[in-house]
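Okay, so chain A shows up in both of these, paired with chain B first and chain C after.
Moving on, here comes the complex of A and B:
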């Protein structure tokens, strides 16, 4: 019963989001009270759907890139030959996290120009830390007896990594990816300050013309996307963990 | 046959295994007993090269164990550890299939072998093969761990405290099962434990280790009657000694002519259990029957106690 409730709620939220993106003018009466001087209630300088898709695309590319590098780095520093690079990798990844994305944008624009590239760089750097740290935790907290058994069975280093270590660490790694992705979803909005096509455009347009309806719809779409993605990745994580009896 | 020759291992100048020379006969169970830190686990792990020796050699059936890459060697040697170490993300069937699939066996051959082993370990293949390890009891997990170690039909099985995590009743059963399975496959088993009781119960030969050295390598009865050092004597425990010695001998060897009343006991039982039965029921003698139910004679309290001392001509 409870399961139906929560599933139903998610389907309704997703349906509303889809409806808003495909037929935004249906919702105009709801947002109208937030506007002044007969300003438009629905963003009219571009399609909300295409902005959302481009927003998602930027986040996805940045997250995939951060996953590839974060996971690879964590694998390398947990091998015997890479152990001495652990401290170095950690500080590099930490710098990526402490450096504000806005500052990265400011520095990246002169180097790579306006558009999506500086945003991708900022999101990529910002998203590395959770993925790297979670992969590290996942790979270093495996049950010693399981690793001993894998060695004792005659698995090579590669086989141990691919057949035992990564599958067992997968739920924890997925947790890192989820965190990184949700942070990127929110952070991507500032990419519009350097002409990346993201939902930030809607928010910025609202701020410039003092139109609260624009700010609200831009913010809400990002928020609902974040909640839905967080939710589905959490569910996947739980499913994987349950299969392993955790 | 496993020939260990002047094997040494030191970590940062500290010798944990010193000059060990042992020859282990094929198709026997050898148990290495010692306190923690005696180097027994290190010795075991040098055989499948999870640990590389500092000096000395190990030959398996005449072949130096360094003639193959470590991982290939380990696929040929069974390895079972305390806490079973089953892969939690793989089913019981996949766990048992680990080494055969590394060796590239055909699917049909792997399935057949998994089913054979599960049946042998009294686990119904249809019910257990698709389950995950966490859905099994501790005793079942332990059996799957041993089945996995035996999957690729190894000649040698190494076991590191395999029964350490089991409760006493399940442990006794697991030990009996291990003996039966060893007979069935003719595997050479090398088992490490800190429990002398377990060693006496299982072993054809016992190697007692102390501070990295093998201080005595002998059959259980000799370890009991002629402990080589004070350390061995302490490990046996003087108060239990006569009973442990009796536990090695069968009732059939102590049968005297004559008859007795009451419930009979089997000739295949060990003498310690027979003595316990006599004392508990307060009788002087019990009838003894063979496996087919034929009465062989009787055992007496007097006869058993006369055999209990180590000077009473017991085969040592």
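Moving on, here comes the complex of A and C:
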């Protein structure tokens, strides 16, 4: 009963988001009270749908790149030949986390120019940290007995990694990806200050023209996207963890 | 052979042979000309610096004592810092106030390579908290001495600074007030809230879920959305505007930072209290401690390291996020970052970004050291 209720709520939220993106003018009367001097209630300098898709695309590319590199690095430093780098890579991740996203974004501009690229770099670097951290946790907290058993069954190092270690660590890795994606979704809005096509454009247009309706719709779309993605990845994580028998 | 040494030497070789050490520009917004290390610094100092850097990069290759590596990497970093100042003096034509000299990719790569070497040495040494704080202090004093001595005065970032010294310090003040003030407010409200969540189970999920949702709202939107309610309070609540509440400026930035800060404080308080062993609480009850005594003498001290970790997360995050305040007229170092982005004047961006990164980094080192100290005592 409770399951149906929560599933229903999610479907309604998703439906509302879709409706808003496809037919934003249906919602204009709701947002109208937030505007002054007859300013438009719905963002009119571009399509909300295409901005949302471009926003998601940037986040997705950055997250996939961060996942590939983060997981690979974590695998490397947990093997015998990379063990020397384990402690160092931990400190580097800690140091990396102290760099503010705005600073990364602004400093990437002279190197790669305005547009999507500096945003991708900032999101990629920011996304790397939680994924690396979680993969490391997942791979270093496996029960030694399981690894021993796999070794006893005559598996090679490669087989152990692919068939035992990674599948067991998968729910934790997924947790890192989820965290990284939610951070990226919010951070991508700042990318609009360096001319990336994201929902930040709507928010900044609102801030510049003192139009609260723009700020609210831009912020709400990002927040709803983040909640929905967070939620579905958590569900996937629980499913995986149950499969692993945890 | 040292594996990390190979990486460091390769980076240093690339930086010394291929990348430019400094950039020279006729004025602050035109594209610059790359200058190599040998041409950037006057002879014979250039040869000396080059030989020193090569020697240290080669030293990284061989397995030596960790202390030797640490000393060598620090020497290299100091040499780099002095060399870039000399480059600025050497490259700027006499009496020309428009020319700009800035560190280029080679300088940054070398700095990264030797900082990597130093970080590796420090990670292996695992210095106790007190030593770490001391090292942080010495570094800060060293940078202050370099700035005071005027050896960096020819660098473009300091030329940007010298034309707006007064506003720079004002924005630093605003930035620190925003970051620390919102942290203080979040601790004062978040600690009791976390305590309540620990005691009253049904409250826990509700509070943590709402705080989680606040975190998903993008910072620039949250900053913007608070303009309206605060503006309403300023005009309708008597005395509100007198204490500095206004729709635009620092007030919405402060409230937004406060809201973002609540989750780590509350969540870590709850986790910390949940981690207190039941046996300890039972023993305290057994010796007749009151509820208040148990809380202040047993539970809070045991949960303290975890709560402190939450505060560390908040502080580092706030120092970074406070840059966004500039977008809604709230001031802070973001003012220079966004002005610089707008004028494509990267030196101005650096003037805002470098102090922000330095403050966030110093805060992280300081609080990590304090947390380790507290854990050791517990």
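Methods note: the second predicted complex is superposed on the first by the 246 of 246 C-alpha atoms of A that agree within 3 Å, B and C clash if a C-alpha of one lies under 4 Å from a C-alpha of the other, contacts with A are read in each partner's own complex, and residues count from 1 in each chain.
Throughout what follows, a contact is a pair of C-beta atoms (placed from the backbone, for glycine too) under 8 Å apart; a residue touches a chain by one contact, two chains touch by 3 or more.
All of these numbers come straight from a predicted model, not from anything done at the bench.
Once both complexes are superposed on chain A, the partners chain B and chain C fit side by side without clashing.
Superposition on the shared chain A places chain B and chain C such that, viewed from the Cα centre of chain A, they span 100 degrees in steps of 10. In the superposition on chain A, A:97 makes contact with chain C only, not with chain B.
Once the two structures are superposed, chain B and chain C can be ranked by residues of chain A touched, with C on top.
Judged by the touch definition given at the top, the superposed model places A:19 against neither chain B nor chain C.
In the overlay built on the shared chain, the residue A:227 is in contact with chain C alone; chain B does not reach it.
In the superposition on chain A, A:216 contacts chain C only, with no contact to chain B. Shared-chain residue A:83: touches no atom of chain B or chain C.
Between chain B and chain C in the chain A overlay, the least Cα distance found is 22 Å.
Chain A contributes residues 143, 145-146, 148-156, 159, 164, 167-168, 243-246 to its touches with chain B in the complex.
For chain A in complex with chain C, the touching residues are 34, 84-85, 87-88, 90-92, 94-95, 97-103, 106-107, 109-111, 182, 185-187, 189-190, 193-194, 199-200, 203-204, 206-207, 212, 215-216, 218-220, 222-223, 226-227, 230. On chain C, the positions that touch chain A within their shared complex are 3-4, 105, 116, 119-120, 122-124, 213, 215-222, 224-225, 227-228, 316, 319-321, 323-324, 327-328, 334, 337-338, 340-341, 344, 346, 349-350, 352-353, 356-357, 360-361, 363-364, 368. Residue ranges of chain B in contact with chain A, taken from their complex: 48, 50, 71-76, 79, 81-89, 98-99, 102, 132-135, 145, 148, 158.
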